[in-house]
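Across the two complexes that follow, chain A remains constant while its partner is chain B and subsequently chain C.
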Partner chain A sequence: MSYVGSILSGFWSLLNGLGITARHFGRKNVTLTYPHEKPELSGEFRSLISLIQLPELGTHDCVACLQCEKICPSYCIKIEGGKVEGMKRKRASKFEVDFALCSLCGLCIDVCPTDTLEYSKLYDEAGYEREWVFDLLDPFESLEEEFREKQREVDAKVAAEKAKKKAAALQAKAEAEAAAAQDSPTSGGEVQS
Partner chain B sequence: MPRTLLDIFPNPLIAVGIGITAVMTVLSVNTLFCIWFERKVSAWIQLRMGPMEVGFHGTMQTVADMVKLLGKQLVTPKGIDKPLYHLAPIVVFAPVVAAASLMPFSESVAITNTNIGLVLVFMFGGFASIGIFMGGWGSNNKYALLGAMRSVAQNISYEIPLILSSLSVVLLVGAMGREFAVDGGVIQANGMNLAHITGVQAQRGVWFLLLQPLAFIIFFIAVLAETNRAPFDIPEAESELIAGFHTEYSGMRFGLFFFAEFSNMFIGAMVATILFLGGWDGPVLPGPAWFFLKTYFLVFCMMWIRWTYPRLRFDQLMTFAWGILVPLSILNLLITAFLVKVF
Partner chain C sequence: MNSGVLDTLQRGVEEETYYLNMGPQHPSMHGVLRLLLHMRGEMVLECEPIIGYAHRAHEKMAENRSYIQFLPNTSRIDYLSGMIYNIAFCQAIEKMAGIDVPERAEVIRVIVCELNRIQSHLLWFGTFLLDIGGITPFLYCFDDREEILGILDRVSGSRLTYSYGRFGGVTADIDDVFISQTRSFLDRLRGRLPMYEGLVTKNVIFRDRCKGVGVITVDQARAYGVTGPVLRASGVAYDVRKAEPYGVYDRYDFEIPTRTSGDCLARYEVRVAEMEQSCRIIEQALDALPEGAIEPAKMVKKVKSAAGEYYFAVESARGHFGMYIVSDGTDVASRIKLRTPSFSVMSAAPDVLKGTMIADVIAIVGSVDVVLPEIDR
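And then the complex of A and B:
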């Protein structure tokens, strides 16, 4: 290319470059102001486990069956719990997870019989110590009393209904027996013999 | 013509004091603004947001950075050439203040007004490379020395097209300002007087950008190189030379180099405004507003260029200066001289 031609074509390409960057001025940013804005995570995002707040119960449904504790390959779950006064359902009183050990394998979620475990969307957790233990029941603590009272009522109602039904059934049986005895006293006699 | 501070305050000490205070204030605010603005421009080009945390949209970020620089320890390396090492930041910075005081930013008031303003500006611009070389030589560091040598080579090369392209403006001022109305009288305009250059453009109603587009482009490129701005920032090419000539400077000593770089940029843009964009000339708004609008537009262009182009290789830089800019500016000067003589 000639001397003048190379200058002109070079200048033209430089102007093109400026045009490309100028077009970027008005574009939407691709970055977020991170601590203030957080990215939207995929539904498949797997992070540390957490308990689900089930809509029909208003709280979690951990029955302290200890299946997750048993299946955990990293031994990072510690659960305590048991019978609660006046309630049919068992309840967990402690659900400690040491996230420093957790390998996010998800076996606990698969094994949970009440489906009350899920992957959380926590991804920016950090700590200053090696111990990194959370009690997953902490966020549910305020809900627990209300749930228990409600559940006691429900259980009492169910129990009362059951007792009523049982009584009704017994009565019906007694009545039926009485009727049968009246209809054919002989048969009653046969039974006795 | 603008009244200078000496006309207003008869006592030269008071005039000098006020002038230095004003210039330092403007330069400091300008540097704080320009650093923030540069970060913002680069962020916009790269689809980022830039500083957002300190103050409204990060406007106070540079103030915080400056406080940090002031608080830093001044590390003095072993084996330095003490006088050169300690003088260098001052030698780089002082001429900037002197050059900034020469600028006629308004039709009514100026800090100083000399008949050799243009020459003085180029002289003070040349000082910077001496200071940079002192810093590079004195700091006993091979990267600093390499950066300083590159800087001097580059500054010497680009000074020639810079001055040649501005000479064509000087010729035009001489030709177009034969009947230059000043303070009620009519005089021959002085092509080296910055106020006269602007005044001729204002009176003839034409900016020299329209008459000398090639000279403007050459001048602007040479200013970029003189102020060590990308794509001509090889004296401080991070990937090759760590930080170039200011590798061994820390804290506010480095801050002074930085201050000087941004102020040089500002002064380069101001000189380009005066020579080619008609300085204070413009409708509706007052003179200083136009002057600083044009200046900051050019500063913005410098940043835009910086974040668009990659750095030149050193031989490309020299070829560009001696093979393209110098011949073109000589040609432009000869044609201008011919046309000025004919018409």
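And then the complex of A and C:
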């Protein structure tokens, strides 16, 4: 290409680019002026984990199995808990998460046997210290006593029913054996002993 | 480089040399790369990359935690292709332990990985042009990239560090909204590519800046183990997706774009062509999306594997990424070696940058697309 030709074609390419940029002037703004405008969070947005209030229980269902504590790659979950007087299932008494350490991988949620963990939608918070600990049981504190009362009743009922059934089964067994002993007198002595 | 220009410059400056530190805190250096340049005037006599500023001991961490606990780390090795690395680790473990993956999960993996690849190339496109002085394309391509991040955020819950893969599947299923969003994104990107071509590829300043600059020859690339778009720009059609198909990549029809000149312009063209190929793969995958489960009925918490050594490689956005796992039969790896593509590219830098101008150093380092956390690990 000649000297003049290359100048002309170069100039044309620049004008072409300028034209493309000029067309963008009429476009709608794509930026968001946070914090005056807030972005819409996607449904799957991952933030600090939280306990789910299950409708059938009225509260969370953390049984302090410690599976999430064991699988956590950042070792940021600390759970205490154990047997509660008069109740069959174990209950957590402390569920601490250090959000400063959490890497939001979601393994704890996948591993939970009672499916009582989910992601919260907390997103515009900041931690100011090295440790940024949340106790996930705090929102459930007022519900706990009521739940325990109820659960004790349910457990007691279940236990009573079970005991009743067991007694009935034992009695039926004894009766059947007694009947069998009467039918065959040769083995009767053994049964009574 | 025109040798006549070099000679003139050499004669022009005094015979004095000096050292120049480029980075680790340099506005147009990528991440925390530090180049120690031995200069005469504006010419680079020798170049020594100094790495390690973003070392986080991922390989050592892998020796101290179970396989599943290492999963979130994989997204953080290379933060620009987090999805590809995350899924690659899952696939490596599946190969090691013989875990079956449902058909639907395999196809979803291909879709999200290719979206991730486009996202990485778009970011490279923007920052490369920003490095060599074009601010406008950066703004446009980040607009496109934002859409991909939104799509991936909707399905995985995160924009960069996905942790989306699980051993034997993926965490969340894709729905109709995802499919329609992805399709409309592909249409949008295809509509924008001609605009980028007019704005950048045909731009005479850009072409003159990149043509013949930073040539990596085939022999150099082979000698240093350079892979990915950089190798393909030198003329070798090597792509792990074709050479050793993993997952379900053998089902899809796509090409490996190659150029022969091996300069910055060739690398640019290869990456832009690759975006189009990724679009083709996603389209085919969306068309033939099988129904079914996306993960095994019971979550794989403990990986059972026979003692031995396993290697698994994928094509990341930057090239051949391999995981070499030494297992002693327990749930914790004895050793995991990560073979990252950026490291190989960076090791070729002293050879390539020798004898170039300082202004071209920026263009060359920008065009090879290195991610420093991946080099340092």
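We take it that the second predicted complex is superposed on the first by the 144 of 193 C-alpha atoms of A that agree within 3 Å, B and C clash if a C-alpha of one lies under 4 Å from a C-alpha of the other, contacts with A are read in each partner's own complex, and residues count from 1 in each chain.
The rule is simple: a contact is a pair of C-beta atoms (placed from the backbone, for glycine too) under 8 Å apart; a residue touches a chain by one contact, two chains touch by 3 or more.
Computed from a predicted model, the values in this text were never measured in an experiment.
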item	value
Partner chain in contact with A:Arg130 - chain B first, chain C second, else both or neither	neither
Which of chain B and chain C A:Tyr119 touches, first, second, both or neither	second
Partner contacting more residues of chain A (chain B vs chain C)	C
Partner chain in contact with A:Arg46 - chain B first, chain C second, else both or neither	second
Chain B versus chain C as contact partner of A:Thr21, first or second or both or neither	both
First, second, both or neither for A:Asn29, with chain B first and chain C second	first
Overlap of the chain B and chain C footprints on chain A, listed as residue numbers	14, 17, 20-21, 24, 30
Touching residues on chain A, where the partner in the complex is chain C	9-10, 13-14, 16-17, 20-21, 24, 30, 42-46, 71-73, 103-107, 110-111, 119
Chain A contact footprint on chain C (complex, rising order)	65, 68-73, 136, 140, 143, 146, 150, 153-158, 161, 163, 166, 171-172, 195, 198-200, 202-205, 299, 301
Contacting residues of chain B [partner chain A, same complex]	44-49, 52, 304-305, 307-309, 324, 328
Partner chain B, residues of chain A touching it in the complex	7, 14, 17-18, 20-22, 24-25, 27-31, 33
